[in-house]
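Shown next, in structure tokens, is the structure this report addresses.
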Amino acid sequence: MKIRVYYEDTDAGGIVYHTNYLKYCERARSEIFFAKGKTPTDGDNSGFVVSHIDANFLGMAKLGDMLEVKSEVLQEKKASVVLKQSIFKDKKKIFDMSVTLVFVRDGRPRAIPEELQNFFN
Amino acid sequence: MKIRVYYEDTDAGGIVYHTNYLKYCERARSEIFFAKGKTPTDGDNSGFVVSHIDANFLGMAKLGDMLEVKSEVLQEKKASVVLKQSIFKDKKKIFDMSVTLVFVRDGRPRAIPEELQNFFN
Amino acid sequence: MKIRVYYEDTDAGGIVYHTNYLKYCERARSEIFFAKGKTPTDGDNSGFVVSHIDANFLGMAKLGDMLEVKSEVLQEKKASVVLKQSIFKDKKKIFDMSVTLVFVRDGRPRAIPEELQNFFN
Amino acid sequence: MKIRVYYEDTDAGGIVYHTNYLKYCERARSEIFFAKGKTPTDGDNSGFVVSHIDANFLGMAKLGDMLEVKSEVLQEKKASVVLKQSIFKDKKKIFDMSVTLVFVRDGRPRAIPEELQNFFN
């Protein structure tokens, strides 16, 4: 997934504001849903929520840069899945994180429904 | 209402990203609700929505600045209200706008309910 | 220019937060620069800044929607240009605005340099 | 440091968009500078940059909530400092993270200057 850096993404330091890398990763996760004709929430108050993020800020990006987000599954359990998401600028990795997503219905963790198992592969 | 400019508000130009002045004005409108013990939506799918904005960008603000938002009612009609909101930095006006808010229930304009009439005064 | 609506763009009302339409328009203006191999600022402290916006919020967009931004020049003067930018969702216009951009160098309005005249056409 | 949740902070799930907790923590770090009459960057292209974040999302916040951010130093080394920042809603912790800040000048890690040592205590 390709992402362009706009003014709104940068800060007074002239580079991308650090939390925006996490936003880019969320966009990439949502695009996996859209690409499969789904939305990230299925209307009955359930969906994946972020429970843990471990992120490394390795480089920087600036206005006009074109970035690429890559996602892979590290581990899938009954009620959660751990992804590794990395952001590249011209093949150079500038950010990576592992993110744990818990499947939740009505605010409580539940087993991932069958149709969403292995969803992020 | 006082608002501090943080990194997230600035862009690579070193100053506040232009749409953030509109955000600050929205915060000020919401604070009017919170100050009266209400929330901007009352749970039955109704509330004020922005239908028109006419904004002048008169100056600039930068990281760490403390801004002040002032709001006054220009006009109130059956289903809408027009506010003037201005942003000051050290007494100097750097932004103003008139914003038209329409009262909507289930996606359709409705008469402003009695308890919300003259609400923004 | 196509723009996807992500979680970050929506608010608790379930729809796109109103100021984000202005962000989408700014992205479209920046893309005009990128498409021509330029960046919106040319490094000598000059560029176009927003001085006035008159915006109509005509409809709404929600998570996953694919929007399209169209831009045209309404008027070009010595030191400024007025654009009309419209946002469509499935051919239906949900937002439009006229935006006045002033060319500025070192914080002061200047004549638009020759290479940026008729730039947005 | 107290932070109000506004519309802009929420998403279509009705709660605070996950990356905004990181923004709140950044605001709190900047306020430590402002409270001491400084800005987070001192003008000679130097400052603290985020190099690592390990974050736990423990609860949720919604429109109008008043949150509190608390920060403490976990460890300080020659060129970096590790903070623990926690966000509370009505005394209940809803988020915490450890964040590693590296002192950088001209893009390269440097020893923290004397006047910024023990700065976050």
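Residue numbering begins at 1 within each chain, and the chains themselves are lettered A, B, C and D in the order written.
Just so it is clear, contacts are C-beta pairs under 8 Å (C-beta built on N, C-alpha and C of every residue); 3 or more make two chains touch, one makes a residue touch a chain.
All values derive from a computational prediction rather than experimental measurement.
*Asks:* Could you tell me which chain lies farthest from chain B when each chain's centre is the average position of its Cα atoms?
*Replies:* Chain centre farthest from chain B's centre: A.
*Asks:* B-D versus A-B: which interface comes out with more C-beta contact pairs?
*Replies:* By number of C-beta pairs in contact, B-D is the larger.
*Asks:* Could you give the separation in Å between the centres of chain A and chain D, each centre being the mean of its C-alpha atoms?
*Replies:* That gives a centre separation of 21 Å.
*Asks:* Go ahead and note the Å separation of the Cα centroids belonging to chain B and chain D.
*Replies:* Taking the mean C-alpha position of each chain, the two centres sit 27 Å apart.
*Asks:* So how far apart, in whole Å, are chain A and chain B when each is placed at the average of its C-alpha atoms?
*Replies:* 31
*Asks:* What are the residues of chain B that contact at least two other chains?
*Replies:* 7-8, 12-13, 19, 23, 26, 41, 63
*Asks:* Per the contact definition, I'd like the list of chain C residues that touch chain B in the complex.
*Replies:* 12-13, 18-20, 22-23, 26, 41, 47, 49-57
*Asks:* Hey, which residues of chain B end up touching chain A in the complex?
*Replies:* Chain B reaches chain A through residues 7-8, 10-15, 17, 19, 62-63.
*Asks:* Of all residues in chain B, which touch chain D in the complex?
*Replies:* 4, 6-8, 23, 26-27, 30-31, 33-34, 39-41, 63-64
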